[in-house]
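Look at the two complexes coming up: subunit A is in both, with subunit B in one and subunit C in the other.
Our next item is the complex of A and B:
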C-alpha cells in the first residue's frame, strides 16, 4: 500500500509542472477574456452615450452585461477544452512515454518490488487528480472572474449571477460541472471506469503490439456493451425496471466493468507485457 | 540459484529461444555469449518478467517470478532506466524509497568509485557515465543476483577498465552475476561459467577454469570451435 502511494506521488510529480502551467494558462486566458469582453461592452455603451442615447435606450439595444457573456465566449470555453484535450492526450502519453521516452523508464517500473497493478492504479489516480485539478481551479477561478467583471463594469449596466448559475445555464459545460454530489460521483465514476477501460486497451497493445490494437479496441467495445447491458435488458423487456432498479443495475455493471478492467490489466502486466 | 529450464520464446513464427536451459549460481559470474540476435537480452528480460515466454520455466532460488524477486535480483539493462530530468541524487532517493534492499552506504561507495557527481542530471551524462549510473543503481541493491546486459557496449576504454574493476571488487563478491556480451575479451579472465548461445539454443555450457585446466582452452578458443564449425 505504501508503495502504491509512493507511486502515485511519483506519477503526479511527473506531470505537476506542466499541469501547473496549464492551470495558470486556463485562469489567465479566462481573466483576459473577462476584461476584454467587459471593455468591449463598455466601449459600446460609451459609443451609444456619445450618440446621445439614454441609459434605458442603451439597455434596450445592448442589454446589460452579466458573466454569462463570458461563459458563452471562446475565452472561457477554450481553456476548458484545452484542459479536456490535455487530460485525454495524457491518458495515452502516461503509458507510452515510459516506452518511447528518451529513457526507457518502463524497465524500472516493471522491476519495482511491488504488485505491477500498482503502476496501473497510480496512473489512473494521476489522471483523476489531473482532472480534478482542472475542475477545482475552474470552481475557484470563476467567482474571481465574476468579481473582476463587477469591478470593471459600472453597477447600473451589470447583472450579477453566481458561478453556479453561470454553469447551470451553460448546457455544453453541464457535463463537467455537477450541481449535486450524487451526480458528480456518477459522472466522474463513469469517467474513471472509461479511463480504466482505455488503460487496459493500451496494455493489450503494449503486450501484443499490432495484434493488440485489435484486441484493445475489441476489449473496449465489449466493456462498453457490458456497461450498457442494463439498458438493453430494460428496452428488450419493455421498460421492465423501475428507475431505482435501473440505477442500481448501472452501478453493478460499472463495478463489474471496473473489476474486469483491473483484473485483465493485472494479468497483462504480470504475464504478457513486453518492454 | 537461477534456473532457466527449456525456455521457448517466439516473435511471430520465429523462435528466438528454442528450449534454452542453464543455471547460474550465487558467487559465480555466468556469461551468456552469442552474436547479436542470439537471444541473450531476451533471456535476461524473460528472467525479470519483461517479456512473456511461450514454454519452459524460470526459477529464482527455487521460486517463480513474484514481486519479491526484485529484492533478490537486480537488472542492469543496456539502457538507462531513470528519467532524464532526474539528478543522480534523485535516482538514489527513488531507489531507497522503493527497494528495501537498497544499501545507501554501498551507493555512496560506488558514487565515489566511479567519480560521479550526485547533482548531475541523467540527461547530461556521457555514455560512459550513464553506464556507471546504471551500475550504481543495480549494484547498490543487496540482492543475490545481478543481471547485466552488455555493460561495455559503446563506452570508452577507461570506463570499460573501471567497470571491469568492479567485477573483482567486494561490490560483486558472493553474488551471482549473469552478464551478456558479444565482446568477450573485456571480461574473459573474470568469468566463471560460459553459456554459448546460437540460433536460440545453448550450444555449450562450461566452467572456464575447468576448461583451461583440463583442455587448455580459453573461452575464445572454445567459441572459435563452436561458432566456426
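Our next item is the complex of A and C:
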C-alpha cells in the first residue's frame, strides 16, 4: 500500500505544475468573464438611464442580472471544457510519455520492486485526482465569482442565486455537477471505470503494437458491450426490470468491467508488455 | 510527509470543495420546513388517503413535495434509487410496492388500471410491425387479490390497424372490459373517422370474448375524447365521451389604413365555432348501452370539468365565488348546485371528486404558505371537512413560498 501511495505521489508530481496552471487559468478566465459580463450589463443600464428610461422599464427590457448570465457564457463554460479536454488528453499522455519521453522511463517503472499493477492503479488515481481537482476548484471558485458579481452590480438590478442552484440547474453542466452525492459517486465511478478500460486498451497496444491496436479497440468494444449487458437482458426479458433495478445492474456490470480491466492490465504488465 | 505535500494539499482541496458542496446540499435539503394538513373541522380520517402535491420555493429552484395529514415529504430527501420510483404517496407507488410482480414488463399507462376489493387489472397496448401495417396487441394482466401470487395474462391481437389508445378498464362480473378510442383520416374524402371501442375478456377462461364499436362518427374536423375520472382505477357505472366538431372557417380581414392606398386584403385561418357539435355520450358499463346526454339549456354553454362515474360537474367561476352544478347521468337532471365562496385573493388550484365528495384546494394569490383544503358533500352541499396547510414548526418566514397544485389519492 505504501508503495502504491508513493507511486501515486510520483505520478501526481509529474502533472502538478501543469495542473496548477490549468486550475489558475480556469478561475482567472471565469473571474474576468464575471467582471466583463457585469460591466457590459451596467453599461446597458447606464445607456438606458441616459435615454430616460425608468428602472421598471429597464428591468422589463433588459431584465435583472443573476450569475446564470455568466454560467451561460463561453467565459464560464470554455474553461470547464478546457479542463475536460486536458484530462482526456492526459489519459493517453500519462502512458505514452513513459515510452516516448526523454528517457524510456517505463523501463525504470517496470523494474521497481513492487507489483506492476500498482503502476496502472497509480496512473488511474492520478487521472481521478486531476478530474476531481477541476470539479472542486470550480465549486470553490463559484461562490467567489458570485460575490464578485454582487459587488459590481447594484442590488436593485441583481438577483442572487446560490452556487448550487447555478450548477445543478445548468443543463450543459449537469453531466459534471450532480445534485446528490450518490449520483456524483455513480457518475464519476463509471467515469473512472471507463478510464480503466481505455488504459487496458492502451496496454494491449503497448504489448502487441500494431496487432495491439486492433486488440485494444476490440477489448474496449467488448467491455462496452459487457457494461450494456443489463440493457440487452432487459430487452430480452420484455422490459422486466424497474428503472432502479436496471441502474443497480449497471453498477454491477461496471464493477465487472473494472475487475476485468484490472486483471487484464495486470496480466499484460506482468507477461506481455514490451519496452 | 513533506514530499507528499502537493498531493495531500490537492486531496484537501478536493475534500473541502466536493465535501462541503454535498454536505451543504444535504443540510439545505433537510432544513426545508415540514408542512401538514391540520384539521380545523370534520373527521381527520377523511384526508388519510390523500396527499397534496406542492412546490416549496420559487421556480426553477423550487423543491417538489407531498403534504399529508402526517407531515410532508420532499422528493430531494429521497434516496437516489427511491427517486426513480413514483411519488411516495401515490397510487402508482402503492401498486408497485404491493404488486411489484404484476407490473413487471408491462407498458401500462396512468389510466389503464382497474382495482376493486377483489381484482386488480392492468392493460397495455403494444404496437409492432411496419408503420403502414402496424400490429396492435393488447396484454391484460389480472389477479384475484386474495391469491396475490397468481397472475393471469391474456394477449389479444386487434383487428383494427388504426391508431388507438386505451382510456379505461372496468370489470363487470367475470368480464374485463377495455375501452379504447382512436381515429383514422381519409385523405380522399378529407374526413376524420373517430371511434370508441370496447374489448371484452373472460377472466375465468382467460380469453377474448368480443369487440364492439360503441360510438363512431366521420366528419371534416371531429374529435372524440373520454372524460377522465378523478380516481381512474375505481369501478365506474358510466364511461362518458365528448364528441366535438370544430368548423374551420376563413375570415377576411381588410386593412385600409390609408383611404387612397389600394386595399390590402389578407386572409387568416381562424377557428370559429359555427353551430358546432358538442355532445356528451354516456356508456352504461353494466348494460353495455350508450346514450346521448340531454343537457338542460343552462349547462349547454358550459364545459364539464369533473366526472366521478355517475355525475358530471360543471364549474364556473367569478371573482369571489365558484359555482358547481352537479348533473346526474342516470336521472338526466341537475341534482345539486353549490356555491363556493372564496375571497378575491384566493384561487382554487385544484378540484377533485370522489364518492360524492368534492375536494377543493385553495390558496392565497400571490402564493404564500397559506393554503387550505375543503371537502363538500355534494348531496347536501355542506362542508364536511376543512383543513389548513400549515408549517409543522408553526413559524412563518417572509420569503416562504408554497405552491399547492394537486390532490392525489393513494387508494
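Assume the second predicted complex is superposed on the first by the 274 of 275 C-alpha atoms of A that agree within 3 Å, B and C clash if a C-alpha of one lies under 4 Å from a C-alpha of the other, contacts with A are read in each partner's own complex, and residues count from 1 in each chain.
Following the convention adopted for this analysis, a residue touches a chain if its C-beta (ideal position, glycine included) is under 8 Å from a C-beta of that chain, and two chains touch if they have at least 3 such contacts.
These figures come from a predicted structure and were not determined experimentally.
Asks: For the three-chain model obtained by superposing on subunit A, do subunit B and subunit C clash or fit?
Replies: fit
Asks: In the overlay, work out which of subunit B or subunit C sits against more residues of subunit A.
Replies: When the residues of subunit A touched by each partner are counted, C comes out ahead.
Asks: Which of the two partners, first being subunit B and second being subunit C, lies in contact with A:184: first, second, both, or neither?
Replies: In the superposed model, A:184 contacts subunit C only, not subunit B.
Asks: What angle, in steps of 10 degrees, lies at subunit A between subunit B and subunit C when each chain is taken as its C-alpha centre?
Replies: 150
Asks: Looking at A:239, would you say it contacts subunit B, subunit C, both, or neither? Reply first, second, both or neither.
Replies: Second partner only, subunit C.
Asks: Thinking of the overlay built on chain A, is A:113 touched by subunit B (first), by subunit C (second), by both, or by neither?
Replies: Touch partner of A:113: subunit B, not subunit C.
Asks: Shortest C-alpha to C-alpha distance from subunit B to subunit C once the two structures are superposed, in angstrom?
Replies: 10
Asks: Show which residues of subunit A lie in contact with subunit B when the two form their complex.
Replies: Residue list for subunit A touching subunit B: 3, 6, 10, 14, 101-105, 107-108, 110-116, 207, 270-275.
Asks: Once bound in the complex, which stretches of subunit C touch subunit A?
Replies: So the residues of subunit C touching subunit A come out as 3-4, 6-7, 10-11, 13-18, 20-22, 24-26, 28, 60-61, 76, 79-82, 84-85, 96, 100, 104-105, 107.
Asks: Where on subunit A is subunit C touching in the complex?
Replies: By the definition above, subunit A touches subunit C via 5, 8-9, 12-13, 16, 19, 129, 132-133, 135-140, 161, 163-165, 169, 179-184, 186, 237-244, 247-248.
Asks: Please name which positions on subunit B make contact with subunit A in the complex.
Replies: Residues of subunit B touching subunit A: 45, 48-52, 67-71, 75, 77, 79-84, 94, 97-101, 122-123.
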